[in-house]
């Protein structure tokens, strides 16, 4: 006795790797397949189609295969509505909840496919506009059905959460028909051996293009941007509008403002590299003074901070989120010390971004990357190849990684964009 | 016209590097010195003494030299009382506040040297038991003078904060007269080329010795401990009492408990490395179930969690602190999401520890290391040499760094200690 | 006006990634395709077939597409004989020479497909047993046609070298129908987050299996194996026959023998880590004494060397190659100082190996990897993830990379295999 | 019963770390000391003096202490002539040979101190101009005594080699009285957190200063310089005379010339990063064509190579050494394939250099570094911090390490120097 089910794949499924992945999933997880129909797109712009019966010895084997195929973009040939189960409690998901990918996703409710808003990976899907009537789900007349992702700490008791794989449609990104600048398709490939200057030029172009199309650029920046001398360049990019928002930590902001107040970063003179030997004290002073002033905006207004990235953010009304961490000094009054609150602020920025520039900040880049759909362009820059690999693995379909020195990258990028 | 002041150094000041540092500081910062007296310790156990006049062109040059000499252990030849200045506001330090090192420190109040409690670097020193009378500071009869470190967010308006360098005595650690196991004196030196097995043996001995002397071992552990298969070994060390407390993040605890509940870590079967392909869902489920149960202790009690590091912590009543971060899923109810609160919990654990074992966790290790006095023994283990270097640079005087795989380190360490 | 040509792909071309690659190549290099026939393998063990017309604007565009398709396993639909052109001079290839992949390859001569011996990447193919008669190539009666790879420095004037892409058939490895231990298919994926102990267990099994099937295990070892304390474990593996051959450098052998002669490695006592402080002198002495004795074998025979990897090689008659490099001290009389000669010795060992274990030696591992066909199993172990990635990228189809400490890996591997 | 001996230290022995090291050596190696006299240099420019009796339980303990003190710059209070022992055979050192440091060294022969020429670490010292008469050594009338270092493979039977520590004087570098640009004193300290642009500016100044003083700049360059797009910048530096000599490998030269011949490096278009997909074939072709032409100079002369680093070397008559290695393709006719011959060529270049710029080439940088005295300024640039650390550890007293991207470093350096 075997069990089976039929799935379909459609689109540029060969060159986007979906067919390869589908075959591999079935074989790796102990199943068999029988291709019932296969139509290849005979030329570049034609799509392909595959209907495949997946066969396994038992339901325990079949189920994970279908789940995985499903998350890779296959759909059940005979779609049914999604199963909705009420969350048993706040912050608790029902048994068998559907855990999202970061790809665009639809959910089928009452025969209609509804797009899931704010797609983000590892979330639950909650459907609104549906009522439970005597155990059955009904869409009241005139009700607008909507679906959105919720992270675990956003789940409320009674939320109608999608469970199982039925009635869900995932659309993984397809290889673009036209090459698109520096961004590779899936794992863009990191290489320390690419010519750095020309790659920086291409990244500059992608930023300029994003801005020209009215898009938003979010920059995630670590303290190394300041230590390594990238502060003035980034400040110019903020001032001139090539960077619309900053996502950083307490440390980044303090180092940046310390530089404005004392010309040092962690006590080191950024221009001459001479150590004035009052060291870390400047760091604490900077925080103390900004606290005294009442926050970053107030400190800029009273003339305490006169240049730098935070100054330009305030002066040009750019959005910034400073997320706290356990290694912070202070912290600044602007720093969001609660991790959940900080994630929510990060999430909002991330959803708004069209291109994300991640500069030397593993912690914050992972946090931002966690909130991004696979369709947002990302640029990851770090001197540590392992960091770049880890960030690219998170899975934007349009990402470029660069193993380089942020202290030379930022000035060269600013030079490309601003001359 | 020049200005000058006289400082003294005393102890094993040559082989502990203090004399070298003193000369270097004076020269690097643009001063001159005149050695007024120098008595060398003629044999190993005799101390040396140096009285040195430091000369500079002006106060602006002299001051940082004296500050730096001072933080390196020099004392002013003619000690005066410390200057105490009230904090102008909550979380704000007075101008010229003294920023601490992590070395044992005394402060002179009313002619007496008072030890500073809970020494920790980059803090302010607050003195209690002193009153201000008409601008002057007096110690009321019967009052007990005490001094302690306070981080910026602990400062309250009116706290009497030490300002300037006068009346402070820092005692940097001296090179031990007897070699002490694997721990190097200052920057123990990291080497990937040391024989790993014998170094692990030495670390095991240091742990056993600490326990034999009634000391406490704190283990800071990252999620890689679990992924790499080090979970069972660490759980045994907790159970058998070689590890008294765990400092970790939300991710560590979830991976550990996921392993107990599903046999997977981030969806990967830890024994066979086969991917059951329900992936990250287990991770979210684990959190959801623990939330439902009401927390880790409750989850252990209701039999949800039956093995692993967190299980052993609960079962054997070991202290654990889970500090939240912006990359967390969930988080667990036990995770302290506020960074300041989490730092305070970490600080308490750190002060209690005699030996700290830092395993593959840069963020948490930095947070713990920030709270440690320079006298606590630390062992830093990471596969990334840059991480080990960064942790050793923080400055325990008795530290050993090991660039190795935590997935082989933990089993071998457990084997050494438990057979 | 466009130009076009027809190619065929056959086999498990979907799940082995060949179809994806073929589509990508055509699009990336500016061509179009028209699928003339496509038969999908309807179940796991059935092969697929694709006949595709590749269209481009001109020959300059078409040619590189065909070349790349070809190296990925496509064949021209209408095969012709390979073009053979005499090498114009020693060490000089004719214009348009065919540069090999590391996949099994056939060449068509006089209507027959002839397998290319000793396949190795970036070589030329030289055909023997063919004569030139009046500008035409003929196979004399009774002559046996053979083809082999030759590196540039092996080419002799007049050698008949394959030029162009016609008449060549490349067989890239296909995804195995059954999973095979720890070895991934293509870029096995390196992860520092796999459970180390179980991965080591799997590697041990793969070695045992190779030996059980009469295969040969070649170990490429760097000096870090000795420094890190892996020497005794590797020596046991050599003695017990789990390692058949050693490929290393002068430094490895000297450190190994220094350990036997003085108990130190680069002057450091391997057991106690105490530095006897005669340091590097031992290193030079070791070389000097082995030179005096007349070489490694002689040094073992006269009792100078009594244990270690080199001792076991001599005692158990295992083949070893020591390749010289510009950072060597000495060198030993056994070290092949000429790079070309050393490559030839390495090549011979590599061709003989069924499984190659690469331990902490980038230079030698690259040299060995350059000579391996894509069908040889390789295990790469290094503490530096960039090294492991670089080695896996070289392209064995069955490779596993492990980012770990060779000083814990070797003892644990020996323990698994030898108890 | 104890044994003892008296040593002296003289100079800036405190701030150069020699006194600290002396005390540490005695204690670490199990001895005691008795300071018989200590005069401190009372101001910056005055030297200190220490006479110390070293005491140990037996000769076996005392000897290594004295050896180590000696290599750190201590001299025996009662100097005697050096012991000279004939080498027993070619490439064989006599028992107890003195192994050199890389510091300036004198040897005492017949009552006179003779400077050792071409100091280099881990060598033997051979004295010339002395004759053996009836077992005694005599300096014949009119004979000029000279001493030089010899590597093991330079030793000839009968060479008079210094054995033991007597009669040798080592002068470790002292901390300069004036700071000197970016160069740190001993282990300059590597930091990824220094401001990159200002550090590059300082390095440019040091190069300009070296050239202004008539000094020579040697650049050790790896293939990554070309891949990463640093080729044109380095070519300009060679042309304009800021780089006097190149030390590299076969791969560097081939990549550089491939770029001139095909505009690619390893088959990748350096400007556009598009892969023309004839890939590695260009690499082999380049070599083949240069072989056909008869070498690099001939290839430049016949117009095959028209730009790049090798072109500028030929065109401007700059010295270059290409040292072979086992991972080379080809190799080029100019590549020295024998490791010993290559070392000799490297040695000659190294001795001639006043400043050495090491760019992304661990193997060649180690080889060059091995030949340098501790007085040569070195700049180490690599993206991998472990590489920079390893190179700095080799011990020039005036070294600066920079963890950065050579693909941004070289253009910025060229821009600084050439505008």
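Some observations on this one:
As written, the chain order gives the labels A, B, C and D, with residue 1 at the start of each chain.
Keep this in mind: contacts are C-beta pairs under 8 Å (C-beta built on N, C-alpha and C of every residue); 3 or more make two chains touch, one makes a residue touch a chain.
From a predicted model like this one, the values you see are computed outputs, not experimental measurements.
Summarising the inter-chain layout, the chain whose CA centre lies farthest from the centre of subunit D is A. The interface in B-D, A-C or A-D that matches B-C, meaning over half of the contact pairs are the same by residue number, belongs to A-D.
Rounded to whole angstrom, the centroid-to-centroid distance between subunit A and subunit C, based on C-alpha atoms, equals 39 Å. Rounded to whole angstrom, the centroid-to-centroid distance between subunit C and subunit D, based on C-alpha atoms, equals 34 Å. As a whole-number value, the distance joining the C-alpha centres of subunit A and subunit D reads 47 Å.
Residues of subunit D found to touch two or more other chains are 28, 192, 386.
By the touch criterion stated above, subunit D contacts subunit B in their complex at residues 14-17, 19-20, 23-24, 26-28, 32-35, 38, 40-44, 50, 175, 177, 179, 192, 385-386, 389. The touching residues of subunit B, when paired with subunit C in their complex, are 182, 192-200, 202, 224, 227-229, 266, 268, 270-273, 383, 403-405, 407-409, 411-412. By the touch rule above, subunit D contacts subunit C in their complex via residues 25, 28-29, 64-65, 67-68, 88-89, 91-93, 97, 99, 121-122, 124, 151-153, 275-281, 283-285, 287-289, 291-292, 323-331, 337-340, 342-343, 346, 363-364, 366-367, 370, 384, 386.
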